[in-house]
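What follows is a single structure, and I will ask about it in a moment.
Chain naming follows the written order as A, B, C and D, and within any one chain the residues start at number 1.
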Amino acid sequence: MKTEEKILRQAQNRNKRLDAFQRLLLFLIICLITALGTIIWIIPDDTPGLADAVVSMQEHSGVESSVTAVLLNFRGYDTLLEVMVLLLAVIGAWSLAKAPFPRQVTNTSPVQMGVVRLLVPLMFLVAAYLVWQGSHLAGGAFQGGAILGAAGVLLLVTDLPCLRAIPAQLLRIGLVLGPLLFVGVALFCLFFTGNLLGYPEETAGWLILLIEIACAISIGLTLSSLFAGGHPEYERPQSNNPTESSGNGEKP
Amino acid sequence: MNWGQWLLVSILLSSFIPGIIIFGVPEEKHRLRTGLNLCGSILKIVLILAMDTGIYFGHNFEIRLPLIPGVELLLNGDPLSALFATLSSVLWLLTTIYAVGYLEGSPNRSHFFGYFSLCVTVTIGIALAGNLITFLLFYEMLTLTTYPLIIHRGTEKSLHAGRNYLIYAFSGGAVFLFAVVALQTIIGPTDFATTGFPSSFIDTHATVLAVIFVLLIIGVGVKAALVPLHGWLPQAMVAPAPVSALLHAVAVVKAGAFGIIRIVLDVYGAQNLLLLGVLPLLGGIASITILYGSIRALQQDDLKRRLAFSTISQVSYIALGISLVDQPLAVIGGLVHLVHQGLMKITLFFCAGNLAETLGIHRISEMDGVARRMPFTMAAFSIGALGMIGIPPTVGFVSKWYLGLGGLAAGNWWVVLILAVSSLLNACYFLPILTRSWFGKQQGPWPEELYVGRFETRLMLLTPPLVTAFIVIAAGAVANAQISPLAWVRFIVRKYGL
Amino acid sequence: MITTLLYSMTGLLLFAMGFFTLIVHSHPLRKILAVNVMSTGVFLILVATAYKPLGMGQIDPVPHAMVLTGIVVSVSVTALALLLACRVQETSNLDLPGRKKQGRIPEESGQ
Amino acid sequence: MTSLQLTSPSWMIIPVILPLIAGLLSFLLNRGIFAIALTAALANLLAVSILTCQLLSYGPMRCHMGGWQPPLGITLRTDGPALLMLLMTAVTGLAITLYARGYFSYRILDPKRASQHQHQQRYFWPLWLLLLAGLNGLFLSSDIFNLYVTLELIAIAAASLAALSGKPASQLASFRYLLVNLLGSITFLLGVVFLYKSCRVLDLDLLHNVPMNKPGISAALALMSVGLLLKTALVPLHFWLPPAHANALAPVSIILSALVVKGSFYLLFRLWFEVFAQLITTPALNVMGTLGAVAILWGAIQAMRQHRLKLMIAYSTVSQLGYLFIAFPLARIDGSTQVWSIVIFMAMAHACAKSAMFMVAGTVFLHLGHDRINDLTGIRANLPITVLAYGIAGVSLMGLPPSGGFIAKWLLLSSALASSQWWWALVVIIGSLLAMTYVFRVMSRFFVIPEGYSSAKSTPPSPLLEWPALVLAMISLFLGLAASWPLYILSTGNPALAQVFSGGLP
């Protein structure tokens, strides 16, 4: 018993105190950070930046919020790829595992049910407002999408059936909707103005709003799907072997 | 492209295309395969003879393919390449016939003959190479194409031999590559020319150029089996007899020796080398190799191993002759030995293969009285062996005669001494074989009598050694005629203005 | 100026803390969190870059857009990493990668 | 349609957008996915060919996304190096697409695991197509933050692909892979932040013209380089690569080894020798060269020690990546013109040869059910084309003439010797000898035919499994013979290079 305790204590001590490697590492990191901090300190702060360029072009962008203008117009190509990154995460997640349904939460308390029932519609409303507001103030597809995603998460943890009831194919359409519409608009612009994402000036605002709405929906679904943690169970390809329960990987 | 360029390309393709087709030929269609092989090799001989004629009458064969600045592939037919190409193609035909007989009924023949053809293509490529880069290309390819032949039997022993062969050959190739690059950074493009590079470089880069020369010789010396780079050759004996013939007489060892000739005569040039003063080094190593190979050969009981060490010794005659580059007679002796050694050694290997295939004889101690069972084979063997010793009128005598004359003319008495000692040693390791086989009494049954028929062995195995043995005598007897290896070598040496 | 510097230094500090944790700790969850802390630090510096005191000119919106993009990327990667970590723990009893046990990956056939 | 004439720079976005759309569709649809993928791969090759024609006729081009000029907008650009990388990706990508089809079709035949393999195939295609889009985007982009986004796109797709086989070992390796990539990305992003703080521009062309005397830029370059080195797996940051590459499915191994590491390397190289060329000092170059030399030797020695074919090939990747870095210290001599040709050649030859090798490994695995090197006997009789492909790819890896690897090695050696830095040449030579050892260790096993082995034992595999490997191996071989063409493309629009290669071109 004594020795075991001793070993345990030693282990704890080892955990608490830093060994030589960790100290060295710490030292190196401190040096690095000091150097970087010094450099930040001495970087002159007088460079003009792109703010003026954004402001001068703002009127051609079709939106009033400068961040949205940068995000969806000036640097729309970045955002396009970024939406793809999100989708890619879902595809990667789906390829890894199936969603662990039903979740552990089997007996949701009535209070939680009630709160969720109240909150979720409100969140939808807020999300819609954020997307709409994005064109002239802070807000936009990502913010709206995040709220939608949060609503999805709430629905998932409360084990309400409504999210799981979405057929897999529909879910996929929803996930792809934003990116596909984004690419579609981009190509549409390419076709008409010769520039990818070069919106015609008069319709720019509307096109951006369209993209934002679609993207917000997709982002909301994406975040919920990521939280669900895998592909929907029923979406698995039909197996000839009924005993095989897992779509991928092997049982340990 | 003019007809000369087409000729060069078709010389290469005449064995390359059959080789590629043979890879796809099903195992059991041996007639098709044999037909392809023979057509290819006869066509190749015809084409090469055409090229020889063209070269004799002064036509310039040249084809260039620039890859990047400073690196171009250059095929070039000059008298020297004609010598090697003719030798290889003639011996290839004979070896092919022999191999068809030898491998009758054994598995994986498509692979074997495929690689065999590729190997000859590559050897001819070495002969035709017009600069060091092209030479390097084919030199490395030769390693690649002979490797599958060496490990053809797929046994652990052959794999081991193959691995060692690769290590030796690629290490040599790597050294060679390094040296070629280094040489190019100093003198620019390394096209073969009869005078070598301009001697102005000697003034500025003497030491570096001497080091590069040593590296180049090491690179090709691996294949030429110069001591101490010879280790792979005796091990490679595990390969089938036709492959041994290929290694020793047609392709690999010859490619190394040919490389030494090219480097000395065409890359550096006689004058530059005399200025650099590195030739005694080459001569010394060649002499050591000659003696070492002979002494080691004495100790071997395995017939093929004895022949292998004999090759190590004999090929260095070429290097020895070339190292006396200021003496035309010695150069003639060295160059002509390229051909003569090939003829003699291939005869010996054919015969050794016959003994192994027909009676299962692998050791010299098993050979008592074998000449009564296989008189023709042993007659051919005897001619080859006598040639190796240097008995007139065989070709071996011609080579040694010229080498000796060259040595005397240079006042190098040690060359004559080496020749005499080596001939004595040759006699010591060949004559016992001859006496055993002709005058010995058969001791019990043969180890493994595999063939009983009308002739002493299969006709396809018997004919090639007889033909080569005949050439060994004939070429020696008519050495002074208008058409003979010696005459051609004289033509070469005239071109170099020595 | 001071504000910007304060935010930047905090960001750097977060980056350093995350980096240290990432290397020292072997638990996958800690590693994922550490990477998150690191990226938060970077975002903080980026946001601080855009900051301009009132009346000193327009706030630069480009870093804001960049931070938004960065956050989205970070969310995606975190989700994927968490899932992978879960899968690894579910399907195997292997030691997770760490400095002490060096998480040797067994040389089993991989397909 | 006036906007899409041949002279229009908008063609440039096709290699990015097309695989993106194909990726979305292949995720959305349930049928005809392979047709979509194949179409995308073919169209990608076509588009890249058009871009090449464009480059050769009109010189380097720039395409401003949305019509916004830098510094505000994002610019894509084509030039010689970018196009050669695109071509490499397109050709290898097409071969990978075909091979993957053959691979999955073969595996689905196995009734016990059919659903698992179908699942893998289902997700392989969208991930692969999006990865392809990311790679193309990376090669084309001229905006430092956009490059970060493409790097992330590649990293996520690659990590998901690496975990696709579902085996615990591969998932663990993939987790590590993801973390390392993430660390690399974040470090890169921190570099971008420093850069933006100092210069307030993101466009590479504008950055090139910014005065380089600020410490912030040096710090930014250092941070970005460390991040990219981590992703490129230069020794000693290579620890994650072999398990990730060796444990993945065969098509995935090909993608990771042949293309993904090239992406981050290409970016690193561009930053060093184009954008921030003024900042680079000789000690820095020598450090990179030394690391490269260590990588060559260490990777090769590790490759020789492996017992599994795929691990051996993965370590060979570590070794071959070293050659890319050993070119760094040779750059100073010729004013960094030669170094481009060395690196691009090496990258292309390696991509083709390494893809062929991994394809061979995959086919052998399918055929035998394992890839233990000692038990690979008898393959020659059943898979002659595969063995041939392995041999040719090996020749290229060893750098024997006339392969593309030889040309690259030749350039390396000659610039090393011309600048009297013979020790690099020595490392290159020793590296090729070590490569010979590990390539032929496997080759000799292929040649052994065990006792009682009948060649008619098994059915020949689908041509999709064998021919892409052979074709890629052939390309890597003939890259050397047709070396003047890539160099010609490389030198287009680059006056310094054009001068160097003016001799000896068609």
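Assume a residue touches a chain if its C-beta (ideal position, glycine included) is under 8 Å from a C-beta of that chain, and two chains touch if they have at least 3 such contacts.
Small disclaimer: the values here were computed from a predicted structure and weren't measured.
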Quick check on this structure: which chain has its C-alpha centroid closest to the centroid of all protein C-alpha atoms? D
With centres defined by CA atoms only, which chain is the most remote from chain B? A
Report the inter-centroid distance (CA atoms only) between chain A and chain B in whole Å. 71
Just the number, please: Cα centre separation of chain C and chain D in whole Å. 27
What whole-Å value do you get for the distance between chain A and chain C if each is reduced to the mean of its CA atoms? 15
Chain B and chain D have mean C-alpha positions lying a whole-number Å distance apart equal to 43
Junction residues of chain C, two or more chains touched: 15, 19, 45, 60, 62, 69, 73, 76-77, 80, 84, 87, 91-92
Taking each residue of chain A in turn, which ones touch at least two of the other chains? 36, 40, 49-50, 54, 75, 78, 82, 85, 88-89, 92, 96, 249-250, 252
Multi-chain contact residues (two or more partners), chain B: none
Judged by the touch rule stated earlier, which pairs of chains are there in contact? A-C, A-D, B-D, C-D
For the complex, which residues does chain D have touching chain B? 341, 380-381, 384, 391, 395, 398, 400-402, 407, 409-411, 413-414, 417-418, 425-426, 429-430, 432-433, 436-437, 440, 444, 447-449, 480-481, 483-484, 487, 500-501, 503-505
Chain C touches which residues of chain D in the complex? 145, 149, 152, 155-156, 159-160, 163, 165-176, 178-179, 182-183, 185-186, 189-190, 193, 196-197, 200, 202, 243, 246-250, 307-308, 310-311, 362, 365, 370-371
Residues of chain D defined as touching chain A within the complex: 1-4, 8, 10, 13, 17, 20-21, 23-24, 27-28, 30, 63-68, 71-74, 111-112, 114-116, 118-120, 122-123, 126-127, 130, 133-134, 137, 143, 145-146, 149-150, 152-153, 156-157, 159-160, 163-164, 166-168, 171, 194, 197-201, 214-216, 219
Which stretch or stretches of chain C touch chain D in the complex? 15, 19, 22, 28, 31-32, 35, 38-39, 42, 45-46, 49, 60, 62-63, 66, 69-70, 73, 76-77, 80-81, 84-85, 87-88, 91-92, 94, 96-97, 103, 105-111
Mind pulling up the chain B residues that touch chain D in the complex? 23, 65-73, 107-108, 111, 133, 136-137, 140-141, 144, 147-148, 151, 154, 159, 162-163, 166-167, 170-171, 173-175, 177-178, 181-182, 184-185
